[in-house]
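What follows are several structures.
The same chain A turns up in both complexes below, where it pairs with chain B and then with chain C.
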Partner chain A sequence: MLEIKIHDESCRGCELCVDVCPTDVLAFDKVAHKATIQNVGDCIACLSCAFICPSGAITHSNIHHVKNFYRDLDFCRRVERFL
Partner chain B sequence: MGAEKATLNTDWLSACGGCHVALVDLHEKILDVIGAVNIQHCPVLTDIKGYPKADIGILTGAVRNEHDRHAAEAMRASCDVVIAFGTCAVYGGLTGASLAHCREEILDRVYVNNKTTLTHEAPTSQVALLEKLVTPIDEVIDVDLYLPGCPPHASFIFEALSSLLEKRPPEASDRSVCARCRRKMVKTDVSAIKANHEGMPDAETCFLSQGYVCLGSVTLDRCHSACTNQGIPCTGCAGPTLQVLTEPTHDLRTEVSERMSKLTAIPYADLMAAMERAAKTHYAYAMATKMIGDKPTFLINKWIEDVEAEDESNDHH
Partner chain C sequence: MNDLEQSRQTLQETMNFMAALAAGIEPVIGRGACSMAYSAGRTLGAQFARHSQRTNDLETALAEVRNVLTENDCLWQFEAFHPSTRPSLITKGEDGSEEILLVFRDCMIRQSLFRYGHAQKGSLCYMMYGFFAGALEAIMGRRAELAIIHAGENACLKCLKVHA
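Then we have the complex of A and B:
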């Protein structure tokens, strides 16, 4: 089952993930000023929210990873060795 | 840390020296490190000129001259694991920003036509010969691990060294500077970009929401968001996020402009143009690495020409 996690401390409350989601998976908690997950079942794993998040706070697991053949594999291997 | 002492070599290429100071910035934790590690070649702590065999090698700075290239090769030959330590070592860093000018321009400005020096010729001896370009060290030698940061915050240094000595994977997140910034992001009707010296930014609100260009969202957190939490917009000193590095169409200016145009009433095109105008500043820390320099979206020569043409036409009017 697909899972989405928002690293709560890292959410700055910009709402951009809520705006960008095509299937209204995310909602905004005005009191806490943070994004929350509302309908995880509707997620199509487009990862738009993860890409727009300024903090890099949103992660998806159990999704089909599309092989991004346009990426430079050498650069990708390098970033795997970051401390 | 392990019972048997590991050996450590460090060396200092073209850099400001701040990364070596950061090692001492471990404060009392430096005692744990000294307890676990024998420090051998280390320009600021020991007087060992050669490169004894070592388990771990820490290299700071970029390759800019003949000495740097020799030292990097000697470190690779003597150390089992080489860490590119600090933004200059990983991406070329601030030394890499000199790529916006050619070697002749730099030598001319520094030695020949420098108003603050008495001599007017470039040195031909004593000073190592300047290479044509700045090279991040992984294009000269094989690098095993990377720790960006200008300098990396002590907690990342300690975690990196501890994980190596304990032979476990390090706990390093790939979140950005925004993740540890305490400012709130809000949507505003701000319609103009502000320079850093204009006005007094609100301490609780995100710089982007207020019209200030801040690189926090495109910069890897290896600093605990020290600047933004103290009232200074991020200049991107720890280098780009992994998303910007690995996605060919993602770029510092496109990502910042996209987020900022959605938070404020400033048009996306205006933000892009402003960031291109100041590209020498915004891309300063990472332009020397191929991961940024080879991007199809990175057109620094065109941006510099555009600014020069604009300045020239303003002069004529």
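Then we have the complex of A and C:
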């Protein structure tokens, strides 16, 4: 089950994550001046909120991370020894 | 260099070249670059799906598109997305059209663009959306459009509309 965490102390209330989210998962608490999670079930794990957050306050767990098709071939050779 | 490494390097170079080419032509041709790429992708998608099973059922058609992608070694996984704000997975319009949201995860185009910091939603993205629409149109025999709602770092959200 996908989980999102917003580190309260790191959040500086810029609202960028709320604006970037395409599925309205995040909301803004005007009193606390912090981002909150209102609808985790609609999160598509695009990670745009986590990338845009200037404080690195948002983390997701239990999600699919896209495959990196780019590998340095020398690095690949080194990694393959451990596979 | 063995065969696998050779193919991997060729693929990577082709992807880099495509991304650089797309980033280069867009400022020259303008938004028309996206329409051209969409149209080219659509023709290719229709060709690839010409032997697929025909159906008028959207979910079966999506499964067929998935088969077409797999058979042609396209690593472009997608899944249907049913947000809590919509009453059903497929929204039917009064004009007989059908609409469904799709989430795309692993995508070679996205990774190619990120490699050199090119923006998403450009002509290469449109080429892939055209490919998808073309394949679906061939399978369903109805006009289809795939609109980009959100191009994210780890997934993209699209709205697929199939006309009556």
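Please note the rule applied: the second predicted complex is superposed on the first by the 69 of 83 C-alpha atoms of A that agree within 3 Å, B and C clash if a C-alpha of one lies under 4 Å from a C-alpha of the other, contacts with A are read in each partner's own complex, and residues count from 1 in each chain.
Everything that follows uses one rule, which is that a residue touches a chain if its C-beta (ideal position, glycine included) is under 8 Å from a C-beta of that chain, and two chains touch if they have at least 3 such contacts.
Owing to the predicted nature of the structure, the values given are computational and were not obtained by experimental measurement.
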- Message: By the touch definition at the top of the document, which applies to A:55: first (chain B), second (chain C), both, or neither?
- Response: first
- Could you look at A:27 and tell me whether it touches chain B, chain C, both or neither (first, second, both, neither)? neither
- Task: Using the superposition on chain A described above, determine whether A:2 touches chain B (first), chain C (second), both, or neither.
- Result: neither
- Please indicate which partner A:37 is in contact with in the superposed arrangement: first for chain B, second for chain C, both, or neither. neither
- Message: By the touch definition at the top of the document, which applies to A:13: first (chain B), second (chain C), both, or neither?
- Response: first
- Can you list the residues of chain A that meet both chain B and chain C? 51, 68, 70-71, 76
- Interface residues, chain A side, partner chain C - complex: 22-24, 39, 41-42, 44-48, 51, 63-71, 73, 76
- Item | Contact footprint of chain B on chain A as seen in their complex | 7, 9-10, 12-16, 19, 33, 51-52, 54-57, 68, 70-72, 75-76, 78-79, 81-83
- Message: Taking the touch rule as given, give the residues of chain C at its contact with chain A in the complex, in rising order.
- Response: 1, 5, 8-9, 11-12, 15, 75, 81, 83-85, 103, 105-108, 110-112, 115, 149-150, 152-157
- Query: Touching chain A in the complex: which residues of chain B?
  - Reply: 83, 138, 143-148, 156, 159-160, 163, 170, 172-176, 178-181, 183-187, 206, 208, 216-217, 220, 241-243, 245-248, 250, 258-259, 262-263, 290-291
